[in-house]
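One chain, subunit A, links the two complexes that follow: it is found with subunit B in the first and with subunit C in the second.
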Partner chain A sequence: MYAPGRHRLVWVLLLLPALLIVLGLTVYPLFQVGFLSLFRYDYTAGTKEFIGFFNYIEILKNRFFLTSIRNTVVFAITATAAEVIGGLLLALLFNRPFRGRRLILPFLILPMMLSTMVVSAIWRAWFHFDYGFLNTVLGSVGLGGVRWLFDPDLALFSIVLVDFWQWTPLAFLILLAGLQSIPNELPEAAKVDGASRWQLFQNVTLPLLRNPLLLAVLLRTVDSFKLFDKVYALTGGGPGLATETISMYVYREGFKFFNVGAASAGSIVMLSLSGVLAVVYAWKILKGQV
Partner chain B sequence: MKRLQFRCLSVLFLVFSLLLVGVLPGFAKAEGNLVIAGRDGGYGKALELAVRMFKAANPGVEIEQLKLPYGSLYEKLVISFREESGAYDLVMLDDTWATEYMANGWLLDLETTGFRVGDDFISTALSVGRYPYKSGSLYALPIVGNVELFAYRKDLFNKYGLGEPKTWLDVLEAAVKIDTSERDVAGVVFRGTKGNPIVTGFLPILWGFGSRVVDDKGGSGLNSPNALAALTFFLKLKRYAPQGVELYNSSEVRDALQQGDVAIAIEVWPAWIPSLDDPKVSKVVKKIEIQAAPGLISGPSPMLGAWLMGVAEDSKNRDMAVEFLQFLTSPKIQKQIALEVGIPPTRASVYKDSSLVEKYRWYPSQLKALEDAHPRPRITKWSEVEAILGDYLQLALTGSLAPEKALGEANERISAVLSR
Partner chain C sequence: MKGREILWKAAFAGTVVFVIAAALLPVFWMATTSVKPPGEYVSKEPTLVPRRVTFEHYANMWEHRFFRHLRNTATVAIGSTLLSLAAGFLAAYAVVRFRLPAKLDIVFMFWVLVVKMLPPVVIAIPLYKTLRVFGLLDSLAGLIIVYQVYTLPYCIWMLLGFVKEVPREFEEAASLDGASTWQMLRHVVLPLVGPGLVAAGIFSAIMAWNEFIYALLFVHFPSRLTLPIHIANYITEHETLWGELMAIGLSASLPVLLASAFVQRYLVRGFSMSLK
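For the complex of A and B:
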């Protein structure tokens, strides 16, 4: 047996490279971004001027940034709700044996294996007003074409649809694993006691699925908050500001205009919003385990 | 024994990890290899051809060519120059980036290397590689003679008795006539995606109406009745454009023209014009007429969109880089690139070459347009100004903001950027 002090030292040494990487790639950049957000910093000209919280005041008055916050929150809530509910329905369906189950399952999870740019290219073609698959199908049943990506009221929800198609399988897998971890005795006992299907779902299945549900909601919410790639590929943030997200705003300020101070302030605001959500969910999950 | 093995393994693992972190940054660019940072797509193919020919003529030279999308190229170049990494020897740049790069001292003054320019280069394209503009030292050579052109269906214009559109009002009249008369043909198409696409479509209209983004004093020129008239006109054109034009980019405009779905495109680019006469992809072979953009208050105002190439000031292979640049811009190589890839040349003599004119019937019009072309404002903050203008143009295009309010807010924000 190792003496306790030396034992701990070995583990610390083994963990040290990983810790250094986490500190270097996560903690240090976080503090650096926070520090830079207090400056007016034109990267190309190399000029830096301390302005305190002025960047935050400016962006929180900026129409574009406020719209991007609203769009990001709406997207995160809508996409997460749709994906978790969709995932739950699929998980309930696949939690029972049926013919062809093993054959269908791989195709069901295929969308989440594809890269987001491939998914966006597919859906951009499907959304085309004149030649797209969706409007062609609608036309074949006598309905008019839909302005999927260029109607300012619809564009964001079209991107929700794309995200739903790609990431519902993830929620499905998490919830299916959760369902399959429920001991059979409990629903059987409830059936014996005369519980209806709905009562069984409401009073037995759902409570036991609480933690996987919260996990699915947490993962999808945090990921949705970072929405950038689909918007970049499908709409560029348009039409108008309809699909402008916080990530797009930060990208433009930071990498097109190289206004590093303003971009850093935008990043900190985004981190704060998603951080609060993550802490709330994580606390609920851990509270359930106490 | 097991304890000893475990300790040895732990130490080895720790040392290896630390070495990895220390060694990785050591993979620097090898001396003697040329690294060219350039565009993707057709431009990438053109450069690839030139690289192949240069290597054949210079055995032993190793060249690495990066093919990058527009935004990515700009980001990488700025970061490399600011950090003085010396990562690239030759850099391809949009003419709108040139002022910023030259003002920051990121490009080598070619005239200090004994480089002789001659007088065959088209002067408008050559001037944007000088700092100060037109009169200063030469820092970059034009390698792609891009100029924004205008295209229309000659067959449809003849059908409805419409003459060659000389003014923007002629364009609107033709668009209305054809759109209302032809069932499956829209009157006009343009790029409506926000940012650079919508701005490049709008600028010839703005100039034609006698207005400018940046006035002679270096401030915003958008706060004028002419600018408002230009924007109002642009929004009128949208009524005769295909559904979804707000998100159209180059491929959608090209496809709409090729498939015969539109009668007029206010913005076409030489790199893909040849495809309009390619029977494999186009349904309108030899039916499209190409000319400079019309005028109105001001004469025709085709927009220059040249791509340049310069040698990085921090390059460690300057001599070889200058030699490649001379090779790339020579008449022989420009002709070969034009013939094989379709990328437009930047030397007047090449435009007049009979074999090229036979293949590209619009070359005389294109040369004229280049000679009359206007560059975008020669300011260091054009990327930001263009993005702001692009945002507000799209807000006006989608009806989210009234044109007066859109121009007013754009003017205010652009003024703030220009005053920094």
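For the complex of A and C:
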């Protein structure tokens, strides 16, 4: 590679602003969180005391924290599965050319362009027991109202429904792009060989969609793992602990109860759970595999 | 055979219509509710299309200082995006054109991607402490800085792809003509990655426009709140004042929807950061 300019260290100056920002806003804070998680703080006395891994032992015995891990994992798996399968069906549906397709596509992806808070505002109104759209529709076909956000067994899945509405378009876009990059000759050749529709899908289309599928699954898993905004706006974590998530736990401990040690330990646990997926994603992207 | 084909086509058309309705109905409901009189939505028989149109909710929204929240949001979105584009453009150029020692470029890019995926809440406490040290809590400038956590990795990665597409011959020619690195960046590379800067900038601004958690944690001063926080407060404080809430929601979304019309063809790249 050639080096323009008179100085070989020009790149240092070019990289420096971004490097400083990235170091200062991500690397340093991560080290600090790890450090903070090893202390007990007493803000009234203004002291801190080194307690090793005691915070971790405490939170891993804490029912609130364990429930929030369970909810987060259940949410991430259900939402990702629903969105990727839904996106795949949509992509297959819209892969065939028909009149008006180009016009329709921008509207299909409208939900994911909206702010999560706007999405939550609409759905909170739709979930309303007495006046909400969903219960009105159920009532008009003679069914009783559903307590979408107040039934402990249902609330988390109502949030999945909102996430499904908002983010299926992303899986759809990724998979549609994948489908359209499959050369036409392959399905044609399979048809000539007498393959049925299902065989064609199973043996030709699906294997070729491996990487886009992987990308959609990784992106949606990692993103749904962060779940915070929707819970904050729709349920506040309730009823009971039914929709508490790890992000909510860290927020509450750190910023409501000023329990900095526990919140930091919770952050590190969350980081190790989602960090693995983030590393897989970064690795696959850098190698150009997805 | 003919009848079966027609049936098949009808089923296909029906499915397409259902999918579009499912995607658009909530947005349609938001738009119509924002112009419905309250009696039409807080009712046992709500309407989908308003019987009477009213703009009272927009008037109320304006009275409740919507414009101030809009201005705060725009300031933060534009400020953080400009900072990220500037730092990101230089960094992307350095990574693409120079051989960095010890695979620093790979390490840097790897970290950029990892950061993009990290849950933002895990570094909230240290960021809070840092902002407090610099007296930037409760300020839009503070938000612009912490939003670099989202927008900078994003801009670097997007611009990387666009800088790679610039033919090196142009720079070599400029270099032979005696242009300095700075002149070359400004007059040769920058114009060529112009469309890339616009695309990355729009995505980054949308991201900052919609951001919630840091805005919630780091700014509490009522006149400095951004729109997502304004909406969240509204949702949690008023049970069924949907008319005004939907007026705010729609008004907050319009700039984003308009901007997104310009980046339709970069959507997959923009949202997945994948190379293809």
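Please note the rule applied: the second predicted complex is superposed on the first by the 258 of 290 C-alpha atoms of A that agree within 3 Å, B and C clash if a C-alpha of one lies under 4 Å from a C-alpha of the other, contacts with A are read in each partner's own complex, and residues count from 1 in each chain.
FYI, contacts are C-beta pairs under 8 Å (C-beta built on N, C-alpha and C of every residue); 3 or more make two chains touch, one makes a residue touch a chain.
All figures in this text were calculated on a predicted structure; none of them were measured in a lab.
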Touching partner for A:Gln32 - first (subunit B), second (subunit C), both, neither: second
Residue contacts on subunit A - larger count, subunit B or subunit C: C
Partner chain in contact with A:Leu14 - subunit B first, subunit C second, else both or neither: both
Subunit B versus subunit C as contact partner of A:Arg70, first or second or both or neither: neither
Partner chain in contact with A:Lys256 - subunit B first, subunit C second, else both or neither: first
First, second, both or neither for A:Phe150, with subunit B first and subunit C second: first
Touched partner set for A:Pro239, first subunit B, second subunit C, both or neither: first
Partner chain in contact with A:Lys48 - subunit B first, subunit C second, else both or neither: neither
Which of subunit B and subunit C A:Lys191 touches, first, second, both or neither: neither
Contact residues common to both interfaces of subunit A (with subunit B and with subunit C): 2, 10, 14, 17, 21, 128, 130, 236, 255
Of all residues in subunit A, those that touch subunit B in their complex: 2, 10, 13-14, 16-17, 20-21, 42-46, 64, 128-130, 145, 147, 149-150, 152, 235-242, 252, 255-259
Subunit B residues within the subunit A interface of the complex: 3, 6-7, 10-11, 13-14, 17-18, 21, 71, 74-75, 78, 82, 100, 104, 192-195, 242-247, 261, 380, 383-384, 387, 391, 394-395, 397-398, 400-401, 420
Contact footprint of subunit A on subunit C as seen in their complex: 12, 15-16, 19-20, 22-24, 26-27, 29-30, 33, 41-46, 86-88, 90-91, 93-95, 97-100, 106, 108-115, 117-130, 145-146, 148-149, 152-153, 156, 168, 171-172, 175, 180-181, 184, 206, 209-210, 212-213, 216-217, 227-228, 231-232, 234-236, 240, 242, 245-246, 249-250, 252-253, 256-257, 260-261, 264, 267-268, 271-276
Contact set on subunit A toward subunit C in their complex: 1-6, 10-11, 14-15, 17-19, 21-22, 24-30, 32-33, 36, 90, 93-94, 98, 104, 106-126, 128, 130-131, 133, 136, 165, 169-170, 173-174, 177, 181, 215-216, 219, 222-223, 225-226, 228-229, 232-233, 236, 246-247, 250-251, 254-255, 260, 263-264, 267-268, 270-271, 274-275, 277-279, 281-283, 285-286, 288, 290
